[in-house]
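First the structure, which I've put down as structure tokens, then a few questions once you've had a look.
Per-chain residue numbering starts at 1, and chain names A, B and C are given in the order in which the chains are listed.
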Amino acid sequence: MALIEAQGLTKKFRQAVKEPGLVGSLKHFFTRQYKDKLAVDHIDLSVEAGESVAYLGPNGAGKSTTIKMLTGILVPTSGRLVVDGLVPYEKRQKNAKNIGVVFGQRTTLWWDIPVIESFNLARDMYEIPAKRYKQNLAEFTELLGLDEFMNIPAGKVSLGQRMRADLCMALLHDPKMLYLDEPTIGLDIAVKDSIRKFIRRQVDERGTTVMLTTHDLGDIEDICNRIVIIDNGKIIHDGDLAALKDNYARDRVIHFQLARPPVSMDPICAGLPACDLKSDGLSLSVRFDRFEFAAGEIAAAVMPYVEVIDFRIDEPEVEDLIRKVYLGQLTLDAPDSAAETTELAVATEA
Amino acid sequence: MPHPRKYLAMAKASLEVIFVYRAGWTVNLIGSVFYVVAMFYLWQTIFLSKPGALGTFTWPQMKAYLIVAFILNSTMTWFDEWQMGQDVREGRVAIDLARPVDFQMTRLASAMGPIPFELSSAITIGAIVAIIFGGIAFPSDPAHLALFIVSAALAVLLKFSIIYCVSMTAFWTTGMEGVSNARMAVQNIFSGALIPLVFFPDWLRALASVLPFQGMISTPALTYLGTMDGPTTAFMIGSQAVWAFGLLLFGRLLWRSAVKAVTINGG
Amino acid sequence: MAARLRHARWLVYIYFRCLGQQMKAILAYEADFVILMISAGLVQITGFLFIWTIFQRIPDINGWTFWQVVMMMSLIFITEGVGSLFFEGTWRVSRLVYNGNFDMYLVRPVSPIVQVLAGAVGFNGLGNIVTGGALLAISLSNAQVQWTPGRALMLVILVVSAATIRVAINLGTAASVFWIRTPWSLVPFFVHQLGEFGKYPITIYSLAVQAMVVVVIPFAFVSFFPVAYLFNMEAWSTIGLLTPLVAVYCLFMAVWIFRFGLRRYESTGH
């Protein structure tokens, strides 16, 4: 029995429509016009305990709406939704004990009181046993480096510090589910890294189930096993992250830096797929499918003909992949067909 | 003033904001009507039980006074110290400094933008209240009406300049609510909004006469009623102008020194 | 039943924990609360000045003497202060919902209403309570009230009931944000302004207004009827005894309206 079970989950909104300009404002003052928007369109989602899911989609795709329904904040228009045996929007407070939430752009801490007091209030609100609270607090304080600002009000700490405190706040009560909405937005690279590691550790050590919405693909790479993509309210991909890369992100590029321009390109590129020599004659790039060639093979094919000073290898970029999906340049398999298929449903721009 | 178009655009923008929050703004206005209506009932009871209590005012004049006070209080409600406090707190001051516009003028433009709308709504409601309570007095001749319009315009400008000056405290405090409330409390008494200043005991009346607040309500209202003679009227309106422009200038000075202090401290 | 009682006690505990923390924070970090308290006091002094100036010109208002009207005003002030000091959170709901920060209340295992009530502390309320309390004490000492233990107890109950009615009105109207989205507390402010009518004896108003402040939004039970009871004024005094019942009714209505609004918020998501 999956931890999260959603079937045919749908949410329809009515939005007010306003024309621009002063005339539009006047009109809007006296009569209002509405149009319906299907934010989430009959999606099926099943998440097992201990999974770590990235929930992606362009802006307005329906990500936050889905998360709001899962956390019980929003009531679905139709469909079935069960989280750990509870219907979230019916038993919201009970469901709340099972979940931890981190909104990247907003905080769950109290703004004017010291961070430690927010934690103490959380202990009372979630009725965390004293011993467990002390344990968790000590562990998180150490892992997240909270000591340095524990006694400062949340409104006065830096963004990175606040995010770390929010994470601690979300996990103090040992929730089964952790929902993260843009958790690393606006943070510097060092803090991003430590936060990702921390979240991954919760998944690995405590079996916390994580659902993450983000635009930062570094988050996905470090934290998630599974990737679900939603667009226009429909799930357009749902599968293993590694399989995704294997199937769609197979290209690697190896860049050689040469001592001298090569005499002729023909012998070099003879057995190779795509060769590309830069105008100064000193940079040679080879793009290859990593399942067809090993990096060593490529190097072995090139090196007899040129003197190589240095080289580097570009790994498959999930980022490119996702960007192409968003731009409509790439259509992935529908969620129900397995990811092992070697047939690529690829529609690329010519 | 260079590039008036810029300021016009700002005025228009703040007018649009009201339209978007239509329900809210209407509700706000009607809420302030309760205060006036309560006053009407109170003064009516006073008048009915002891007409002499109104002093030299007739009942229609008293009603007119209250309506004029209401209309004037309802203008430029969009501008208060809170906005300035937000600007300072959220560091918008720095952004504004980088813009090629005059800070005080931009605030004036935004404050004035909603005025046509505020005025028309307030006058409509004022008219309804006046009719319900049996009518009010009107200016005795076109000259007084013209003087009243001048005085009312100065009153609004004065309101802006007072609030602007008070809001400069935003640079030294963290919350503007207390300051704003204090200003409104003092303003309510000394502008004559609560009670015509003539009803005050001598010492209070003397105090009111050296403060700028009377120019916000009392002077225009009395001009409307024509209860002051020629020289007094000229003097009072003159005082309004002196206070209004004087405080505008003072506000600019405060702004300059505050900005200097802030940029030195890197606040 | 025992579980519900225990839960209720726990909610009260949570409320005081939240409120207490915020009070400590304000006292520790914000020096401005002194300005707030002083300005609140100023507002009340001007109100008192107004009444005093009026009573310089007339002996009474419909039979109500100066100190009786002052007492009415003091009850309005005290209850205003209680609302600000202990339940300022009701005034923050609009901004929270507008900025999307209200959801934070919904993902916690605590009643959102308790969180709303504990959401903020307005120290101007302390100024209101102190000045209002002083005015109440002065007017009581200047008036001729036949004091019995019963009457004294009733005074306490009346003040508590009046405060409850005020807070209930704030809470119920705060729920309007679930229907009308604005960054400012508009309907609450609008209704709060009706409180202006509560400052003077309702006998001066037309029937329509009286009906409004007695039946619809019972501000008359915050000041008029309690004072009428204390001074044994005509038929009003027995109605004054109803004040506690009105308070309980208002509280139930407010909670019900807020829950209703919450349900709407959860289905429209706005």
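What to note about this one:
The definition used in the following text is that contacts are C-beta pairs under 8 Å (C-beta built on N, C-alpha and C of every residue); 3 or more make two chains touch, one makes a residue touch a chain.
Predicted, not measured: the structure shown is a model, and the values here were computed from it.
Across the structure, the highest number of inter-chain C-beta contacts is found for B-C. Ranked by how close its C-alpha mean sits to the mean of all protein C-alpha atoms, the top chain is C. Separating the CA-averaged centres of chain A and chain B is a span of 53 Å. Work out the mean CA point of chain B and of chain C, and you get 28 Å between them. With centres defined as mean CA coordinates, chain C is found 47 Å away from chain A.
Not a single residue in chain A touches at least two other chains.
Among all residues of chain C, those that touch two or more other chains are 30. Note for the complex: chain C touches chain B at residues 30, 32-33, 35-40, 42-43, 45-46, 49-50, 53-54, 56-58, 61-62, 124, 180, 182, 184, 186-187, 189-194, 196-197, 199-200, 204-206, 209.
Per the touch definition, chain A reaches chain C in the complex via residues 11, 13-14, 65, 68, 71-75, 89, 92-94, 96-97, 99, 101, 103, 106-108, 110, 112-114, 117, 121, 124-127, 153.
Every residue of chain B that touches chain C in the complex is listed here, in rising order: 21, 23-24, 27-28, 30-32, 34-35, 37-38, 41-42, 44-46, 49-50, 53, 55, 173-175, 177-179, 181-182, 184-186, 188-189, 194-195, 199-201, 204. Those residues of chain C lying in contact with chain A across their complex are 13-14, 17-18, 21-22, 24-26, 29-30, 99-101, 103-104, 106-111, 263, 266-269.
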